[in-house]
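After this come two complexes, each holding subunit A, first together with subunit B and then together with subunit C.
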Partner chain A sequence: MYNLIDISSLHVDFHLEESIVPAINGIDLAVKREKILGIVGESGCGKSVLALSIMGLIPSPGKITNGKILFNHNNSEIDLTKIDSNSQLMRNIRGNKISMIFQEPMTSLNPVFNIGDQIIETIRLHQKVNYSVSKQRTLKILNEVGFPDPATRIFDYPHQLSGGMLQRVMIAMALVCKPLLLIADEPTTALDVTIQAQVLKLMNEIKLRFKTTIIFITHDLGVIAKMADEVAIMYVGKIVEHAPVNEIFSNPKHPYTIGLLQSMPTLNRQRNKPLSTIKGNVPNPGEIKSGCNFYPRCPKVMSRCKKEEPLLLNSSKNQKVSCFLYN
Partner chain B sequence: MKKEKENILIEVNGLKKYFPIKKGIFQQTVGQIKAVDNINFKIKFGETLGLVGESGCGKSTAGKSILRLIEPTEGNIKYNINKSLQLDQKFSKIDITKLTSKDLRKLRQEIQYIFQDPYSSFNPRKNVESILSEPFIIHGFIHNNDLKTKIHNLLSDVGLKPDHLKRFPHEFSGGQRQRIGIARAIALKPSFIVADEPVSSLDVSIQSQIINLFKTLQDKYQLTYLFISHDLSVIKYISDTVAVMYLGKIVEMANNENLFSNPRHPYTESLMSAIPVPNPKHNDDQILLKGDVPSPSNPPTGCYFHPRCKYAKEICKNEYPPLQIYDNNHHVFCHFSSSLQLRPLL
Partner chain C sequence: MKDSLLKLLIKGFLKRKISLVGLVIFLFFIFCGIFGSYLTPYDPYKTKFSNRYELPNNKNLFGTDWAGRDVLSRVLVGAGITLKISILALCIGSVIGGILGIIIGFMKNSLLKMLIIQINDILLTFPFLVLAILISALLGSSLNNAIIAIGISRIPRYVRIFSLVVNSEKNKNYVISAISIGASNMRILFYHILPNILPIFLVNTVLFFALTIIAEATLSFIGIGAQPPLPSWGLMIRQASENMLVYPFGVIPPSIAILLVVLSANLMSDGLREFMDPKLR
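Entry: the complex of A and B
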């Protein structure tokens, strides 16, 4: 089984007036077909920029300066970085073959159009079908994502719906053209836990039913444990560890992954012991000039870490880690 | 029995906050949003009460009403004062809801609030030094020569450096801003702090630093917290007593251990089960709640939770359940709390 997406040495820079901010600084990542790849990282680590670069939606002044994003489809490879983001080819892929769910359903939908028309628009942009057929498909997909009573509520406006229902609309809109890849960028962060549980269950069902490949971006390790087959941990524009989900939780290798797992106030943690922490703050991209990005916060820092940059290498058969402790 | 009473710092009785819904050109009141609807709790000196619930359940409104940042509609808040603040009201146990605005201002030395988003709660034009000197100036400590030392002590208490003093809020990261917010709150050595979602906008690695800071400060200055959060795992870690809110009402309240090992309200059970456990091998038969949280302007009849509750029977649709008290002061509002066998935390 070959990979659906192959990213190699991807660099994305934001050219500001005073400086160049390297938001993504050399990422190699393979997305396996029909699996859920979880991408975990703290705010500002570049996980959303990574998603947007696959979609060809990097906002100005950001630019892909190096690297490839190969999209393997119908036995041919398309390099998404080489296509103009406004071209007809990209428009055919975006929303049709690759679609995305955003973090805040409230702000991602157009407030002056009703939800039914917004989904119908997606269908009619990509497929040559008339209005009534696309309305039928809209009703069907809304039903499939568990939207209550779609027949009467299809023409509701976004402000009439709750956050959980809006996220179902977003998921329906992303799935209506049966995409090969679904990118979900923090899809449950804005939702309450009981609603989050509903949406996560729905996404797991979707993966099985539609055979969709999913890239699931989140900062919540609990959600990752529940959803992902493989996990990539990001830190300041790079992937520091990439392994199957069981490996990440039972045998984390990178000091950052270990620190993240230990600092969570999980429900079975003892109350009288202080939580372990990662000292210091997340640096800005480009702030650390040489060596490993994590060395100022790392408990196991060595002199080598300050000078050389570690590469993401295999530490075992299916676990990759970017740390001098292991290679 | 009497001794136990003396240890209580704050006692909230029948607190209500209703917001009117106004409609039409004459702005007639057509209904009420019962944001906080008759809640009762006590917090002992030096302890932490965790208030947990989903968004819109009224937990922030409850916190703000206690400090009268929002004027409560009904109820009283007894506060046990042990400092001389020269208030007009001459009792050791004062009722916050009856204080004059002058007294209320003096009481702010005793009770402080920490906001969810530290960035929007600072004046962006003021540097850290003036943010932190402001409480001292407002409360008349301006002639205090040791203001500088006090501010330096504050900074070291919350883990900031003296060279941060001249910086402005936008120059800090989220975690550092929350440290400034905490420093401002503890500046006048209050006894009671309401912390409203203080860690929910922070990253995991920073969140644990701030939670630890809350605990260290509590031990150092014998602080009492009302800690508001939607995150049950944070609440479990920090609280002595936990109160679960749903649609403006407290549905269950017990000490930390009891609540998690022996939940008695179906909502608590489903809330605990909905939290994703960071362990991929975790056995997964979650209790999924149907539907959304109803609107507080139009709550369901009977028990507010019955449309989403899998144990609901006929009586739940008609009557709001009475309070039932079990061992160790375990308060529950559920008709079937004595017979239900609910799943504890795994």
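Entry: the complex of A and C
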């Protein structure tokens, strides 16, 4: 089966007054149909920019300077980077074929409109149906995402609902047109743990029921272990390792992945032993002029790492890693 | 369940009784503005010098002015003039200025946008009245030209306020999520952003409403607004204040009329705010 999204050598630059910041610096990524792809990385390594560039929503002064994002559907390929982001074609894709869930459900809904009308708006932007039909569909989708008592609460305003409820509304809004791809940008970060678990369970159900492909962005490896089929680890605008989820957890290759996994606190850890960390901070994009972006923090740094940039290559059949230790 | 907008509007007003009072006064003012010239007990322009400076009595409820004209009749007809001034000046100033402002605010950062904002800032450095006097002097002195001048000279302020408000609003999460469901630019601007900035628009417009009446009085005073004997409220106060030592009561009826109208607009705007903000409903 062919891939739903094929990203090749994508570059996104932010043109600031004094410098150009390469937020995404050459990403090749394939998103398989009906799978959940997890994208993991520390804050500021370009996860959200990657998601926004698929949606054509990169905030100014950011620009896609190179590369392709091919979106395959109906046996035709559309290059999303070539479409004007305000064009009719792009608007038909957004919310209809590709939709997105944002990090903060509390601020992502319009405060002056009730939630029902906002979901109905999504339907009516994309489908020629009348108000009562779209209201029926809204009730149905709210029911399916586990929104309690939708019939009486459909016309509640965002401020009347809790964060978990709002995230369900956001999910309902994203799913109501049965999109092929759902991009979830840290959908559980702003929620408390019990609600997180509910939302994650819901998203797993959605994948099965709606046959939706999901790109799941997070910095929580625990969530990834539970959700993803494949994982891409990002570091400073690049993918450093891409593998099926069990490979990542049982056989991590890249020193950054190993570091991330080791920094995860576990319940059976020795109490007096300090939590292991990755030394240093994420450098700003473009700060490291030559070599591998990770070499200043890498425990296994070699002299070659400071001069050359490693490529993302297969280390085994379905595991890709960009490190000189393996290729 | 979902309430219709009208029902919510009525609810908003009923919740704040004082706004209801404002609404009643305001509607009465509009009624007088439209039908005032049919309700007058006397001809507002007819002078009678044997009858000057009368205090309120059975024949002249609000007394008479320096030329012996009936003040009640003049105030009633003046309501129509004030209504005309405020509606036209608000249309020019608030509506055009507001629409220009939100469109400029929504524009992407570019040289053109910077240029427009800079020119607007230069216009903003002129004091409101100086600009109004300048424009009405260019147009020639009449009431209509004064109204246009008042409206135009308010535009830079609106452009400034609303370009800034929309500029900050357009980067909010709800706008980004509206783009992500496939809404067009026009839809985002006028359907999603506009209701969120309407309270700011309302407050500014009510403030401008009061300012319009006062500005018209000022322009009339220096001779480029309403021309005597037109019974504009501002002109009436000016003329009465010249004779204040002889007849102090003269300034009171038109002043109270202005006070009540401005107050009612303020009270009404509170009720409207209640209606527009879902958190207060």
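A few comments on the model shown:
Rule of thumb we're sticking to: the second predicted complex is superposed on the first by the 327 of 327 C-alpha atoms of A that agree within 3 Å, B and C clash if a C-alpha of one lies under 4 Å from a C-alpha of the other, contacts with A are read in each partner's own complex, and residues count from 1 in each chain.
As a convention for this text, a residue touches a chain if its C-beta (ideal position, glycine included) is under 8 Å from a C-beta of that chain, and two chains touch if they have at least 3 such contacts.
Note that the coordinates shown come from a computational prediction; the quantities given were computed from them, not determined experimentally.
Taken together in the superposed arrangement on subunit A, subunit B and subunit C fit without clashing. In the overlay built on the shared chain, the residue A:L57 is in contact with subunit C alone; subunit B does not reach it. After overlaying the two complexes on the shared chain, residue contacts for A:G259 are found with subunit B alone; subunit C is out of touch.
In the superposed model, A:S99 makes contact with subunit C only, not with subunit B. By the document's definition of touching, of the two partners only subunit C reaches A:N86; subunit B does not. In the superposition on chain A, contact of A:H159 is made with subunit C only, not with subunit B.
Look at A:E121: by the touch rule set out above, it reaches subunit C but stays clear of subunit B. Taking subunit A as the reference chain, the count of touched residues is higher for B when subunit B and subunit C are set side by side. Between subunit B and subunit C, an angle of 80 degrees opens at the CA centre of subunit A in the superposed model, to the nearest 10. In the superposed model, A:F113 lies in contact with subunit C only, and not with subunit B. With chain A used as the common frame, subunit B approaches subunit C to a shortest CA-CA distance of 12 Å.
The part of subunit B that touches subunit A in the complex is made up of residues 54-55, 173-176, 203-209, 211-212, 215-216, 230, 232-234, 236-237, 256, 260, 270-282, 284, 286, 288-289, 291-293, 345.
Those residues of subunit A lying in contact with subunit B across their complex are 42-43, 148, 162, 164-165, 192-198, 200-201, 219-226, 228, 245-246, 249-250, 259-261, 263-269, 271, 274-279, 281-282.
For subunit A in complex with subunit C, the touching residues are 55, 57, 59-61, 86, 91-96, 99-100, 102, 104, 107-114, 116, 121-122, 125-126, 152, 154-155, 157, 159, 170, 173. Interface residues of subunit C facing subunit A in the complex, by the touch rule stated above, are 1-2, 108-109, 171-174, 176-185, 192, 195-196, 276-279.
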